[in-house]
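Should a chain be cited, it is by its letter among A, B, C and D, assigned in written order, with residues numbered from 1 in that chain.
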Amino acid sequence: MSGEVSQLEELKAAIRGQLDSLDCVIGWEQGYDPLHATPLFIRSEADLERLTISPLAVHNPATYTTGFKGKKIGLVVRGCHSRSVIELLNEKLIERDEVVLFGLCCDGVVSQRKIRAALPADPGFVEAVELGKDELHITVAGEQATLKLQEVLADKCLHCAYPDPLVADVLIGEKHAPRQAASPACQDAFEALGNEEKLAFWQDTMSRCIRCYACRNVCPMCVCQDHCIATSRDHLWMSQENTPVENFMFQMIHVSHLTGRCTECGECERACPVDIPLMLLRRYMNKQVREVFGHQAGIALDKTPPLLTFQVEEARIKERDW
Amino acid sequence: MRIGVFICHCGSNIAGTVDCESVVEIAAGFPEVVYATDSMYTCSEPGQEGIITAIHEHNLDGVVVASCSPRMHEPTFRRAVERAGLNRYMFEMANIREHVSWIGKDKAHNTNKAADLVLMAVEKLRRNRPLVAKSFTTVKKVLVIGGGVAGIQAALDCADGGLDVVMVERDQSIGGKMAKLDKTFPTIDCSSCVLGPKMVDIAQHEKISLYACSEVESVSGYVGNFSVTIRRRATYVDWTKCTGCGVCTEKCPSKRSPDPFNEFLGTTTSINIPFPQAIPKKAAINPDTCMKLQKGKCGICAKVCPVGCIDYEQQDELVTVEVGAIVVATGYDLFDWHKYPQYGEGRYPDVITSLQYERLLSASGPTGGHIKRPSDGKEPKNVVFIQCVGSRDRSVDRPYCSGFCCMYTAKQAILTKDHIPDSQSFVFYMDIRAPGKGYDEFTRRAMEEYGAQYVRGRVAMIYPHGDQLIVRGADTLAGTQVEVPADLVVLATGVEASQGAVKLGETLRVVPDQFGFFVESHPKLKPVETNTAGVYLAGACQGPKDIPTSVGQGSAAAAKALGLLSKEQLESDPAVSKVNVNRCVGCQKCIDTCPFGAIKAVTDRMGRLKAEVIETVCQGCGICTVTCPQGAIQLEHFTDNQILAEVNALCPPKMNNVSFE
Amino acid sequence: MERFITQDNLQRFAAGLAEKKNVLAPVASGGTTTFRRLRPGMQLDFSRMAVISPKDATFPRNETLLTVQHYPEESGKRMELQEHLPEGEMVVIGCRPCGTRGKLVFDPVYETQAIKDPYYIRRRDGATFITLACARPETTCFCHSVGSGPADEEGSDILLTAVEGGFVAKAVTEKGEQLLGDSLFEDAGAKAEEAAASNASARKLMGEAHDFSSAAEKLLKRFDDMDFWQTQSDKCISCGACTYMCPTCYCFNITDDEAGLVSRRLRTWDNCMSHTFTLEGSGHNPRSTKAHRLKNRMGHKFSYYPDLHGGQIACCGCGRCIKQCPAGVDIRQVVMAAQEYPDER
Amino acid sequence: MSAQDEQRELRIVGFLCNWCSYGGADTAGVARFIQPTDLRIIRVPCSGRIDPLFIVRALLNGADGVLVSGCHPRDCHYAEGNFYARRRLEMLKRFLPITGIDERRFEYTWVSASEGQRWQHVVTEFTRRIHELGPAPFFNPVSEEEWAKLALDGAARGASCACHG
């Protein structure tokens, strides 16, 4: 805990030093209850005092960068957030000299979904939260609950290969030893299902979707902004009808447009108000991209997304004989 | 819209297996179709008149014709609807012949399929919009790449027709392979006597500028307005001053420079004019062997040059020219016969190529026209010719026939007898291919009058024996094995695509086939056109050819270029990409993926980046449309909506009214 | 009239209703709880407030307004229209007082002197709401700040209050009273007092309400202050989660779908946070940024609507938009920020 | 495949580039190479114009199979279109399994304008494959019974699923 406090102070000092030259710095503060953080747009010393970097601070600040085009801003980034920044830089969607990156070597953030499942009552009734070194002490509906942090970390963190920012101007915290990425067990289990079961799963799951497009709008790589073909008036891509097939069509659009660009920050899944496990699709596509192109989005500067280029001889595309 | 549908019987071609009347009946019920009919031959004069009349009578603003492939008659029908006052893009075709009646046996299924194809066409047409071609002016100048006989002919014809011509030649002189030949078949006339005057014409024609020792570096632009960058290699001689007097070549002490003009049979001086009739007749230094350039010592040529044109500091120079059309005449290279183990892989100096033999025969060659074999300079008595070395042989990936080797082998056998009356020629062959005028008679003369002994069979091996070579092969007609002692073996090495062809093809967007020969637009009807408008082919770069055919193609390509540039203005295809600036977020992905550089970034008045299509450069492939995630750039006539309309026509979305929950 | 029903019997009662009518009830699925059409074998889930509001009952996400059949030219008739007015009855079980009351916002819009929306009116008249009173407020709840409370009966036909072993059911309307005649309901007896006590305790747990009384006026004052709205909307990602989950949002979109000779006119939920909501045909958009859109959403709920409709705030205080916002935008904070904004210098 | 199945046509959508494969299909027609009739061809200028989402849309709309064909790599009329297409289409093909849509329902290949016989072979083989797979299931349940079954299965997964987060 004390480590985190000193890191927070170190970060605040770093931000304070640059605040004058920046339009704002995006970090996190406590949200509507002690269990939830919310993005914080720091413009003054007073704002800076509210900054938090606890594992509850989950939002990907890279999502907001394209909205600040032409202005110079600061971002507090974790490893996965830095990947989004790199991918945006690689796609020339933001300029390197327009972002100052305050990097946090990250030990993982929570999954509110897992916390909800682990708590004795709905997290809507949370009264107090105390952060221990490896655990969360939560008072909910008058009851005390202690959750092991490891057990409520987001999937992306449990299997994160890049906990430390891959690009940063200021780096806070201690770097981690290199780690191997892995795919979560539920991913493997789902992939092992038969076509009929998978199809039925998506049919039912997509019937929950209200097509609010939170998954799209929270995605740092969804840069079409207001011009997504799914909500365009003059395109035949989709009906406005809310049915499983149209809802799934949108997910296919999202995944297709993210091919080789998804940095696996998990924001789409986090943002979904009806808990659709969207990362099943994203992770699977990313796996294919890795296998065929040896490419992972946002892990190195100056890389072109694989669908925007080609090789005359594709080493790993085996065309089928007829 | 008010759409008219016309179902063609194509005689019995379609009506034989498609119930055209039923298709008409079904089509009449399609959305916005107000008129549907059938006709015997829609493409015929009365058929087209029928369309025009219907457009007027029924006030149609869109037409669907269901008949043959649009690759066949789309232009025909577009002209017809245009004659009736419609925009030619308010027309769609359904291919119910090649894709239906000719391939399906079941009439009911065919009829059903034809109706579906008509529905797709109707649904697409409903989203078509009139497109208007843009006119643009053209540069009345032609680039000819390659100064062989095909290129020379094309250049002279274009220049005589009034166009300016830029000729680019990689070597130091034009003339190509033909300049190296001694005599030509079947007339045995002197090659340089025929070609020489034409080469001189190139040099002297006021409309032709010649860039020798030069290569095409890059090409941008589009038909009528190409911009070509030419790299002029440093020759270390100022050609504006050089008179070709040759004093430098006489005095040059470095005499061991390889001599490509003589097919490396001998060596030459570092500063050199390749042959007496060279055009341009200018000296050039081979920097690899020049002592001055290699070691900084010597400099004799500069001292002896009477006009002071030697420049050791000269650099490559890039020149940009604007041209309206391009003729590609890059010729061919010889197959590398060393791949064949049976011919010694180069171990025996007296195994030479046919082109080397030409140089031995030539009076301007390294032996002054006396046949002396390379090993010891002796005059050979027994000369063995082996045909099809790198032709018609799948084992070396050269399955094609090089076409003219049979003829020049016969010619060389005849010339051998002329040069050495007591000599004996043997020719190992597979088949004699002599289909030209006077050709077969010519090969018979070689055998009958000149006593060349033809052996039908392949050679299995060559091995040395004393100062001779033994050629062992099969005589398949006699059914025996033969061994022929030879003083000299001449390989009729086959033709392969010029080495730089694939790279040049990428530059020009002309596709090479699997062997590197450029692919013409249509093998029969468009033999000199390519799929890139304004780029034409002449000579062996399209496939193996002899001299008369190459000359003929040179003239044909010139005629195409002249025809193209005789128009004051050209029209661009309006089916190109278009940017909806409201949707464009300026990510420039389309710019990165466009193969033609047809999209550029511009800044709007708010200072935001936007993509902009250069209409005349855009070729209409649609790669950008798929690249753009927000659909801001749409390929006109093949927009997302138009294609999706076809998809939805085939697989209609289910409109079940089962409520959501 | 107050009756008692056990938990199991309520499930049975709901299943019985579902055989005759459409029943919409909170059902757990895939880790979340949403209102779904109750089908045989499905269990009611009252453990948490459903993520999506029950507004589908009176304002469905999809409504086919009419279908069109096209005919060939020579047939003489070009097209035939068929209206699709909703039929049948709908019972919503287990919605909370806030969600139930939210639908009342629709009435002044869809049924006025001048305009009567037949689709809406039919659905509203055919709908029955069996509401579940809240025993305990969530951190995002603020129904009491918009004139309601955890046991508000407004808009309900029956109000259920959880008590030991089951629920006390109070009939609010005649329709509700009829339903309570079912044999699965028992005499409430002393349970009625238990329910009343629970409701009172819940009210107390709500704590102090926000005072939104000056919101209408103060929001209007900030109308031209785009700096204010830009700051307020900093973290908003301009998605539609808030509007789609909101029990009171009633904006719709009308689109035509077609498949060959059949086409239909569809009414679907629209979302004022989206760019296309106000995109004009010319390409101009009067609400071109998320700041404009957030201003409108707040203004509409707390200023423009109340101005038009007798002070009624177009927000039911359910807190869904706060709880489910991917970026943590808090509607209470935004309104308070406008209210507390210092008056003109 | 029973005789009756062979009789019934399935819905197969083809996307063909104008310069090579559409020409190849024409060549097959000119040569009267008999083919199954299920396929309907959408003509596009280049395989690089084919958005993988067209294929997804067709499959979600109930297509039983989708076949894409373009110029052989290196032979693209637009120089690079099929190189981009190859990447896009390969990724779609590899992605389909996670959706539960049988990836065998989608195939892409290259056929040149001269390969009429090859086109016949491709169409015949692909159509045979689709018939073996049978009609594709609709993504949207079409009847109340199907809706009910789905919703029930979903509800059976219950609220306890925290396997993602």
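Structural remarks
Rule of thumb we're sticking to: a contact is a pair of C-beta atoms (placed from the backbone, for glycine too) under 8 Å apart; a residue touches a chain by one contact, two chains touch by 3 or more.
Note that this is a predicted model, so its numbers are computed, not measured.
Common neighbours of chain B and chain D, listed by label, are A, C. For chain D, the chain with the farthest CA centroid is C. The chain occupying the central position, as judged from C-alpha centroids, is D. Per-chain CA centroids place chain A at a distance of 33 Å from chain D.
Chain centres here are Cα means. That of chain A falls 30 Å from that of chain C. Chain A and chain B have CA centres that are 52 Å apart.
Per-chain CA centroids place chain C at a distance of 42 Å from chain D.
Residue positions of chain C touching 2 or more other chains, listed in rising order: 29-32, 36-37, 47, 61-62, 257.
For chain A, the set of residues touching two or more other chains reads 113, 117, 204-205, 207-208, 225, 227, 232, 237, 239, 242-243, 245, 275, 277, 307. Under the contact definition stated at the top, the residues of chain D that touch 2 or more other chains are 57, 61, 74, 80, 84, 88, 138, 140-141, 147, 151, 154, 160, 162, 164.
Under the stated contact rule, the graph of chain-to-chain touches is complete, every pair of chains being in contact. Of all the residues in chain B, the ones that touch chain D in their complex are 69-72, 95, 97-100, 102-106, 109-110, 112-113, 116-117, 120, 506, 509, 511-512, 519, 531, 575, 593, 595-596, 619-623, 625-627, 635, 638, 640, 643-644, 646-648, 650-654, 656, 658.
Contact residues on chain A toward chain C in their complex (touch as defined above): 24, 31-33, 36-39, 41, 59, 63-64, 113, 117, 122, 124-126, 141, 204-205, 208, 210-214, 216-218, 225-227, 231-233, 239-243, 267, 270-271, 273-277. Chain A makes touch with chain D in their complex at residues 111-114, 116-118, 152, 154-155, 184-186, 189-191, 195-205, 207-208, 237, 243-245, 248-249, 252-253, 255-256, 259-260, 269, 275, 277, 279-281, 284-285, 288-289, 291-293, 306-307, 310-312, 314, 317, 319-320, 322.
Within the complex formed with chain B, the chain A residues making contact are 70, 91-93, 207, 223-225, 227-229, 232, 234-237, 239, 242-243, 245, 257, 304, 307-309. For chain C in complex with chain A, the touching residues are 29-32, 34, 47-49, 51-52, 61-62, 136, 138-141, 231, 234-235, 237-241, 243-245, 253, 255, 257, 266, 268-269, 271, 274-276, 279, 319, 322-324, 326-330.
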